[in-house]
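In the two complexes below, chain A is the common chain; its partner is chain B in one and chain C in the other.
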Partner chain A sequence: MSLLEVRNLSAGYGQFQALFDISLNLNEGAAIAVIGANGAGKSTLLKSIAGVVDVIFGEIIFDGESIVNLQPHERLNRGIALVPEGRRIFRSLTVDENLSIGAYSRRQGVWNRELVYEVFPMLAKLTDRRADKLSGGEQQALAIGRALMSNPRLLLLDEVSLGLAPIIVKKLYEILPRIRATGCSLIYVEQDTNQALSASEYAYCLLEGQVSLEGKPSDLSREQIASAYFGIGVNK
Partner chain B sequence: MSSIQEFSVSRTTVTSRICQSVLLICVFWMLFIASGDNKASQGKIIDLCVFIVLASMWNLLTGFSGLISIGQQAFVGLGAYSLIVLANGVGINIYLAVIPSAIIVAIISIPLGLVAFRLRGGYFAIGTWVIAEVVRLIVKNNQSSVIGAGTGTSLEVPESLKSGRYQVTTFIAISVVVVSVVFVYLFLRSRFGLALQSVRDNETGARSLGVDSYRVRFVVYIVASFFTSLAAATYYIKGLSVQPDAAFNIGSWTAPIIVMVVIGGIGTIEGPIIGAVLYYLVRDFVSKNEFFSDPTFLILTGVVALIFALFVKGGIWGLLLKKFPKLTVFPVKRRLHIENFQFDQRGN
Partner chain C sequence: MNWLNAIIQGVLVGGLYAMYATGLSVSFGVMRLVNLAHGDLAVGSAFIASTFCLATGLSPFLAIFVVLPLSALVGIGLQVAVFNRVVGVDPSYQIVATFGLSIAIQNVLLQQYAANPRALNIGDFGNRSLKLVGDDVVIGLFPLSRFVVAVLVLVLLSLFIGRTRIGRAFRATSDDPDIARLMGVNIRFIYAVAFAIAVTTVALAGIFNGMQTQFSAADGPALLIYAFESVIIGGLGSLWGTLCGGIILGIAQTIGAEIDPGWKQLIGHLVFLIVLLVRPMGIFGKDELR
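Take a look at the complex of A and B:
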């Protein structure tokens, strides 16, 4: 059954339009990847699903109901949580307090402080540390853990790998199956194509604000992806 | 994998209990003076209490919510004039009129906030000042006998209340300062207070976690205007005479408040209290010296505040914390105690 349906979505920032007529579908419990180059509109797509960007035209259906007119906090109450690009942790607060704010919506579910610390052992020993004293990987773990505290049905992950060492990225991606096991659906946005495709069942490639390619990762050839990613014909 | 069997969260520490006891002794000492007959000392206590409240509220706005206001004098003036209207106009007992006048100002702050909140950052700061000026001009041009236009008016004290006015006012001032500081403390410890600090640290992050940043900040704006006018009303039961140019003066209210908070330590509960006490002691000490005339004093405090803002960002309380990291009077941070906690072999 379809958990999220985006229909003919156009969105942007003030005068600037970043997305043109995007449609995508996500089934309950599934994981999909959104790939594309810098400025393709990947983050804007996630932000418009989370409600932090103005939608110009189109429909976003979550769990059978239109959410396009809801505020970000109302969408979170329904179970859409965003892990924003660049982590956006609360620097002056401790790890523990950052998690407390994740639980601000008071949505009930399996996720709580203990489970987050169990899934992210790297955070468990840093509970009293100020978030700006954490490493990049720890901050990213905190950003994901914080979003999980709201017990989301849909977790939007915006460039988890950004600025992190490959070994840390691998560690974080190893945790994602545990999140999916709790029944949470995922949308990854990544520039690192291989990482994103290997972790998802379906993929969309964006180019200049439009879907340039979609399909199951196993059905997509490297050439197809390269041409959809860069917008140029790639000859063998 | 690691396992967590038992854990508890606490916020009080031994040092915080000691510091709180010292503070409590100070309060009792002030109450002792309040019950005496020394009007000069009582007047000083009232002024100090008023400025601690004003500084704490500006710090709540700027230090904890990231809302830079340079228009707090609007709420000082409105507090003063609400008191005048309720006491002189309606005829309510001057002491009983203090809380209602603060409630009136809190209600007035809602439409003012709706205007100010259309602006952000530096524009918000300028906007608050403009609003304060507009309010001042509206009051100044009100020719009614209760308001008294530009020349102002005086709070009428009935014969029956004239004796013991300083004593009662000192008691009110002490109550107001205690309630304000305790309120700020409890407020910041609450779920709402944490959300407030998250909005200051990163608004996008807070919004993506479902914190309604607009509402959170608006509530703080109203709360700050309530307590600011509460302190102002207290101040004017002592001072009695109210003129619009003095009550809405940025130089006599918001400027010293900013200096106090910056010197004491912005973004902490303790900082504004230390800053206000220090500013007040210095001001009192140099007031007899002719060299430190009003302009000279303003210039000097401005320079000192600049030096602190540039080189000592945490203020005096920040310096103390560096020397004594465990020092805390009002612990807002939660401490997690984990028992039987095991790390896995990789050291995670």
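Take a look at the complex of A and C:
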């Protein structure tokens, strides 16, 4: 059953339009990847699903209902959580307090502080540390943990691997199946395509605000992806 | 000259300055808003308290319990009607809006109450004092209780911001309002609470001021300066820094007055300027609200 359906979405910031006629579908419990170069509109897509970017035209259907006119916190209450690009943890709050803010919506579910600390053991011994004193990997783990505290049905992950050492990225991606196992659907946005593609069942590639390629990662050749990613005619 | 006495009086006055400054500290800390009408809200509250006392014949201390809830409502009203429109946009809008509000409040007060100064009469309580150190130090009972109340207000506020769910949301909003919204924090509600706190504390300060000295419609900007100086000396966004800033300003003024009565204001401003030169982020300055 479809959990999220984006239909002919156009969105942007003020006068600037970043997305043109995007359509995508996500089934309940599935994971999809949205890849594309810097500036292709990937983050804008996630932000319009989360409700922080103005939708110019189109529909976003979540769990059978249109959410286009809902405020970000109303979308969160329905179960959409965003792990923002650049982590954006609350710097002056402790790890524990960051998780508390994540649970601010009081949505019920399996996720709580204990489970987050179990899944991210690197955070468990840092509960009273101020978030700006954490390493990049720990901050990213905290950003994911904070989003999980709202017990999302759909987790939007914006550039989890950005600025992190490959070993840390690998570690974080190893944890993600545990999140899916709780019934949470995922959308990965990445510039680094390999991790995202191997972790998902379906992929969309964006180029200049439009879908340039879509399909199952196993069906897509490297050449197709490179062409759709960079917008150059590799496969003549 | 009696230095010990000057310092003690300075500390007690500093408590009042800190209370003026608390609201500025909170509204800047939570929503990066500098409210230029802050002092006028204090004066306005003192006038309302005075009207209440004249109409009912009751003590100004009872007026506090009427004026403070009213101030909280005024704060929420101003937030909804004015400040929500200027938070998070170009700061020049804030300056124009709050400066305009300042002028509006002053003129409404002038029209309503004329230019004559008023005072809040607390009777004998204002004259009672404790004599210490062989009569060298005289501590007025009223300034002392005012100081205690100021510290109490700061302790409560600090507990509220440090320990409660809404307090946590205050700090999260201060760190990153966009992400706080994404976490389900209704930042307009947070801003309204912050502004209610700001107006309530400054109203209390305004009434306390009126219990000691006369006040008139045009006094607001001068009070705003004291509040600003306390916040800057202590460090933006730090409540305990604000208390220390108020106390340092108070001591500087009383010591200045001890040297020469004409120097009271001057020395206060000089100390402020020196702090600004030597430590621009203030004594406890950090980029956060605690």
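What to note about this one:
Definition applied: the second predicted complex is superposed on the first by the 234 of 236 C-alpha atoms of A that agree within 3 Å, B and C clash if a C-alpha of one lies under 4 Å from a C-alpha of the other, contacts with A are read in each partner's own complex, and residues count from 1 in each chain.
In the analysis below, contacts are C-beta pairs under 8 Å (C-beta built on N, C-alpha and C of every residue); 3 or more make two chains touch, one makes a residue touch a chain.
The structure presented is a predicted model; accordingly, all values stated were derived computationally and were not measured.
With chain A as the common reference, chain B cannot sit beside chain C without a clash.
Comparing chain C and chain B on the residues of chain A they touch gives the larger count to B. Looking at the shared chain after the overlay, A:Y117 reaches chain B, while chain C stays out of its contact range. In the superposition on chain A, A:T44 makes contact with neither chain B nor chain C.
Once chain A of one complex is fitted onto chain A of the other, the partner contacts of A:S212 are absent, as it touches neither chain B nor chain C.
Once chain A of one complex is fitted onto chain A of the other, the partner contacts of A:Q139 are absent, as it touches neither chain B nor chain C. In the superposition on chain A, contact of A:F90 is made with both chain B and chain C. Legend: residue contacts after superposition of the two complexes on their common chain; A:S161 is shown touching neither chain B nor chain C.
By the touch criterion defined above, A:Q195 reaches neither chain B nor chain C. In the superposition on chain A, A:T127 makes contact with chain B only, while chain C stays out of contact range.
50, 52, 72-73, 76-77, 81-82, 84, 88, 90-93, 97, 100-102, 104-105, 146, 150 are the residues of chain A that lie in the contact sets of both chain B and chain C, per the superposition on chain A. Only residues 50, 52, 72-73, 76-77, 81-82, 84, 88, 90-93, 97, 100-102, 104-105, 146, 150 of chain A touch chain C when the two sit together in their complex. Those residues of chain B that touch chain A in the shared complex are 1-4, 7, 9, 191, 194-195, 197-198, 200-202, 204-212, 267, 333-336, 338, 341, 343-344, 348. Those residues of chain A lying in contact with chain B across their complex are 50, 52, 71-73, 76-77, 81-84, 87-94, 96-98, 100-102, 104-105, 114, 117-118, 121-122, 124-125, 127-128, 143, 146-147, 150. By the touch rule above, chain C contacts chain A in their complex via residues 165, 168-169, 171-172, 174-176, 178-186, 287-290.
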